[in-house]
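Here it is: the structure, laid out below.
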Amino acid sequence: MTDRVREILGWYRSENPGVLANLYRILNQGRLAGTGRLVILPVDQGFEHGPGRSFAPNPPAYDPLYHFQLAIDAGLNAYAAPLGFLEAGAAEYAGQIPLILKLNGHDVLQDEADPLGAQTASVEDALRLGCIGIGYTIYPGTAERRLQYEQLRELALEAKSLGLLVVVWSYARGSGLSKEGETALDVIAYAAHLAAQMGAHLIKVKLPSAHLELAEAKKVYEAQNIPRATLTERVRHVIQSTFNGRRIVIFSGGARKEDDQAVLDEARAIRDGGGFGSIIGRNSFQRSREDALRLLDEIIRIYQGEPR
Amino acid sequence: MTDRVREILGWYRSENPGVLANLYRILNQGRLAGTGRLVILPVDQGFEHGPGRSFAPNPPAYDPLYHFQLAIDAGLNAYAAPLGFLEAGAAEYAGQIPLILKLNGHDVLQDEADPLGAQTASVEDALRLGCIGIGYTIYPGTAERRLQYEQLRELALEAKSLGLLVVVWSYARGSGLSKEGETALDVIAYAAHLAAQMGAHLIKVKLPSAHLELAEAKKVYEAQNIPRATLTERVRHVIQSTFNGRRIVIFSGGARKEDDQAVLDEARAIRDGGGFGSIIGRNSFQRSREDALRLLDEIIRIYQGEPR
Amino acid sequence: MTDRVREILGWYRSENPGVLANLYRILNQGRLAGTGRLVILPVDQGFEHGPGRSFAPNPPAYDPLYHFQLAIDAGLNAYAAPLGFLEAGAAEYAGQIPLILKLNGHDVLQDEADPLGAQTASVEDALRLGCIGIGYTIYPGTAERRLQYEQLRELALEAKSLGLLVVVWSYARGSGLSKEGETALDVIAYAAHLAAQMGAHLIKVKLPSAHLELAEAKKVYEAQNIPRATLTERVRHVIQSTFNGRRIVIFSGGARKEDDQAVLDEARAIRDGGGFGSIIGRNSFQRSREDALRLLDEIIRIYQGEPR
Amino acid sequence: MTDRVREILGWYRSENPGVLANLYRILNQGRLAGTGRLVILPVDQGFEHGPGRSFAPNPPAYDPLYHFQLAIDAGLNAYAAPLGFLEAGAAEYAGQIPLILKLNGHDVLQDEADPLGAQTASVEDALRLGCIGIGYTIYPGTAERRLQYEQLRELALEAKSLGLLVVVWSYARGSGLSKEGETALDVIAYAAHLAAQMGAHLIKVKLPSAHLELAEAKKVYEAQNIPRATLTERVRHVIQSTFNGRRIVIFSGGARKEDDQAVLDEARAIRDGGGFGSIIGRNSFQRSREDALRLLDEIIRIYQGEPR
Amino acid sequence: MTDRVREILGWYRSENPGVLANLYRILNQGRLAGTGRLVILPVDQGFEHGPGRSFAPNPPAYDPLYHFQLAIDAGLNAYAAPLGFLEAGAAEYAGQIPLILKLNGHDVLQDEADPLGAQTASVEDALRLGCIGIGYTIYPGTAERRLQYEQLRELALEAKSLGLLVVVWSYARGSGLSKEGETALDVIAYAAHLAAQMGAHLIKVKLPSAHLELAEAKKVYEAQNIPRATLTERVRHVIQSTFNGRRIVIFSGGARKEDDQAVLDEARAIRDGGGFGSIIGRNSFQRSREDALRLLDEIIRIYQGEPR
């Protein structure tokens, strides 16, 4: 065990050894093993956006086995997906890559200002499929977020008691926020903090912009001169906002970018701002396997490096 | 065991042997035994549309025993129906034809933009009646689909742990979609994918038209030139969208057609597009028994043939 | 055991001997014993409409013992009532008349377009009170019928496993239907069919009018020339619609009629259309005991006769 | 309801109406309906003594359906048997004859001074098979009777809460008694009293001899000059000992007797001593059906008569 | 469905359709499909006698897959084994051969006069492994048989409610019996009858000798001149003793015999005495596969023939 992993585990001393063991596993997997950094492959786009929109740009990705193999070959820390995608390969790849079962999902067959989604898998499914943790998405800012928070509460309690990690996707949106506000620095920091307060072990948020959305927050940010000009500064603020760095926060890559350099620059900013890594879906599986492996290799090498 | 059945069972390796045994049974029943193709008789129209509208065109079909016998005599793979219809003949026909108990249903005594239906039977009913699986209908696109998805999740988990197959009817509809959109290619592919992600073993969808409904999806379909001019091409896309063919997708015959050739052309397109077969209700039981047996015989012979 | 009773029991072969024994009991009670016809006394009006409205026309009927004695003296097959009315006489009349415990009820202290009612007694109550079955009312056509159907599902499964009959009152109503539509032929046939599909052993519906309510059904009824001019024809259609006569369907007498002949004509139509009998509440207990016994005697003599 | 049945039901006013209804049923079945007397056919000899020893004297009795039909044709009040024998005919004869499920039994494949037996069926079995009550045998006088009494306690409580009668076979035996003592007057009276104290509704004991077994009891019997010279006197003492006649006690016919008159004399003595009837196994089914029906007819006619 | 299978299913009308469907399956499997005869392969010798003693005579039999394949290739009706042996092949052979999960077993690492064994698998295991039924061994004649009978009661009730067959191995032994008595005609008939009374659907006993063990039974057998000189006569008596042929009784092949003709003569006697077939363990798997297939082929051909 590296000192860094020991340090990280030390932040979760209230959890039972089962949770700690799974945290150890995800931190000691792949090419970033022992560094305290993570790159995770999430593939819930088929559920969230539909299969054609998700996989037509790279048709081999229609196949559920493709993603297990990609995560393994790229040396990633974990693979996260909904029930069906994990069921379709969990036996074939049993034990080869840490799995995170996404317990809820949301489709776009209705155009909803306040998406809610549905719980589509159970903690028991995560155990029978050999997962190291559960994933759950919350939408702070939506009208019915109470239903999500309360469902998360029950699932997290159950998962932890059985030794599973709790990974929360915290995406602020809904009728309470402007479109720009969804990635505002104050909002992203708030969303990450909420997930941590609800007991998440790993938190996934979007990369923050310099925009400030909430009037009361804006006053303080400006009064206190919280630096937010660079992405590195903004990542640093999010990390600080999430228990002063004592919870693992990773950042999503967002929509597919044509320009590899943009992706790599983001990774450097995450690294330099003290972020724990990336969760990269569309920028992995919407490229050819060859391109994806090349890009992931570059990202991993960035995270293997020291912050500037 | 044929190579094809062995291959199909190989896609479900995460499931327990009880589920596999029931999958084996449905794939080895009737005249399509061993081919990996299925024709299933579903008779939930009495519940869904009312008895007169369903059975008056062929009055012997009012009798619940009629359908068991039709499925057996036609050499089909299974018979699916609600609780009452199965209770009315499960003892008489015990073991002779695989049964699928439809666990939910929806009547049309209210005109609802967003139908929801109700769970009207239980997993325990399926076991006491000797069924090989449960059936459940979801309506992606409806406002309250969350309640359906979550009910399905619980029933599917229970059913699988007891060795039962999970068959999902995935019919996109509701206030989120245009009427034409209900059978749009992107929507059908999405509906099938959603069912698979929720852990369905067999998925039933409608045959897709060339229409594209969702704006974001349409952009991708057109950019990627996804072929959709012929029904065969559209079936192929749906199969690809459902775990690249690693889940069994069958197509419903829809409303009764006067023209047998239209039904047979659809079967050929399903076969040639890599579909796994048909679930034919109204085109079976709304004809005379003699006509139905003749039509089913022709359909089965199509599925016994090689794809063009 | 008469041939007719043996034939009827043969329709329920999926059920355990406990259910069959209680079916035998109700079919072998009273003056219609062995004929396969039934007349049942239901007294849930006090709950449904209030006591004054129900019992003031014949004040002895305020007394719960009155109804037990009436059912026995008239030679009926069973007495059905809510928990309190049964508790008030079940010991005194133990074993003398088959009892059906109504498990749910609806009061009219709120004026609701879509009545829902409440479960007010349990299967365990039915057993401790010595009942042969449970009764449950559904309102197809109401907005929240889902809640009723799902409650019925659970109660029916429990009741059957313990050997109790399941009797369903299926009364279409609610915002989805016109007032006239509540007794339309297509709607009554649909309501009876729904109850059978949900696993009811005995089904109670209202007598149908010649009206057709649902546009899609109307097309079929007219295209197929389903006879509906006479009440006898309409009863025959309802019986056919309920598993081709393989489930017991009885018809309610409705509101109190001044004219005895109207009641008797209805009984003749039920008999001649293949109906299994009547469930007569207000036309029994809202008359004087003497008048009620005289009318019930005439009804029973009609059912003892052969159909024309 | 006859006055006598009303009187008997009056002794059980602490029980729920379900128990009373089943008591009513057994008292109103067959040719002794309404008299307050009972003749019951018990066929647990196959379990207790083995099939050959039980049925070889009258081979049609190997068939489980034989006994249902015999009990019906003889006009008896009930048929009591272990699980298998009831399962083998409960559907065919559903409702035609009250059934009592023997919940425990003892085989003689070990020669045990202190038999214990085993519970071989459950209260739930009694309900699913449509029984009116459970039967249970206790062996007062055996070393491990505690296990029986405590098992009876649990089963009786469960049965009563669900409306089932509790019928107890109380056969004193075991290392604590001499062979002669098993039928001693003081012992039989004691055994019947114990069963009543444990909550039995119906009690079955052997016919008592004039022997007195227990030294302390003997002193009192002799001091008080309790009459015991005739069987009638002894039956009267047993009835008095069992709550002064406020519990139903019936007497077993014992081993098959060649001499019909002996059997009939016993019935007269039971009748004249205030006994409630007979439970006649071997003297029924070990004769030809014709002989059995003739003998049972004579016994029933004795019980229909007035006590001398 | 053959007339014979229909007749046999008719004996089990108290059971739910799930049980009937599994009974249908076992009766319609393999080369004896539809004849009403069965040959079953049981392999619990490894547990009962130890692996070396069981499998060293034919080392390929150490492999759990060997037995699945043997049962399939020989065209048998079912394969029965303990949990581990089924777990080791249930996925590979899912659906190809009906499986019976032996729920209890007994090892010989203690030398016990009164073996008891232990429950080593559950009804839920049977469902998840896709079995058609459970198996349970009782040892009538042993001191603690009560514990077995009561465990069987609970397991049988649960299994039946979930649609599973209950197969009972009934082997009289223990301190209550002489060694010769374990296969005495009266004891074997008694053991089969006990299993039927406890609700077994299929019963397995040893072939009976002409010896009579129990003094009271011996008197009756001799007085009634029950034929027992030939094995055919003795089988006939066992079948008669088990509900007059209304329960399926099969006979075990016993220890391995060098002489094939002895095995075949037994099969002829079983057939001619009205037995339902054989359960052949050691005489199958302790020969070479080739020899076993040849012997099983001859046995099956005997059962395919008409009784003499």
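Letters are used for the chains, namely A, B, C, D and E, taken in the order the chains are written, and counting of residues starts over at 1 for each.
By definition in this document, a residue touches a chain if its C-beta (ideal position, glycine included) is under 8 Å from a C-beta of that chain, and two chains touch if they have at least 3 such contacts.
Predicted model only: the values in this text are computed from it and were never measured.
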Neighbouring chains shared between chain B and chain C, ordered by label: E
Most distant chain from chain E by Cα centroid: A
Taking each chain's C-alpha mean as its centre, the one farthest from chain D: A
Interface residue identity across copies chain C, chain D - same or different by half: same
Approximate Å spacing (C-alpha centroids) for the pair chain C, chain E: 49
Gap in Å, rounded to a whole number, between the CA centres of chain E and chain D: 35
Rounded Å distance, chain A centre to chain D centre (Cα mean): 72
Chain centre separation in whole Å, for chain D relative to chain B (CA means): 57
Touching two or more other chains - residue numbers and ranges from chain C: 13-14, 16-17, 161
Chain-level touch network, classified as line, ring, star, complete or other: other
Touching chain combinations (by label order): A-B, B-C, B-E, C-D, C-E, D-E
Residue ranges of chain B in contact with chain A within the complex: 11-15, 140-143, 145-146, 149-150, 152-154, 157, 172, 174-177, 186-187, 189-191, 193-194, 196-200, 214, 216-217, 220-221, 224, 226, 237, 240-244, 246-247
Chain C partner contacts - residues on chain E that touch it in the complex: 13-14, 16-17, 161
In the complex, chain B residues that touch chain C: 46-47, 49-53, 55-57, 59-60, 62-66, 82-92, 105, 107-111, 116-122, 124-125, 129
Of all residues in chain E, those that touch chain B in their complex: 1, 9, 13, 16-25, 28, 90-91, 94-96, 124, 127-131, 161-163
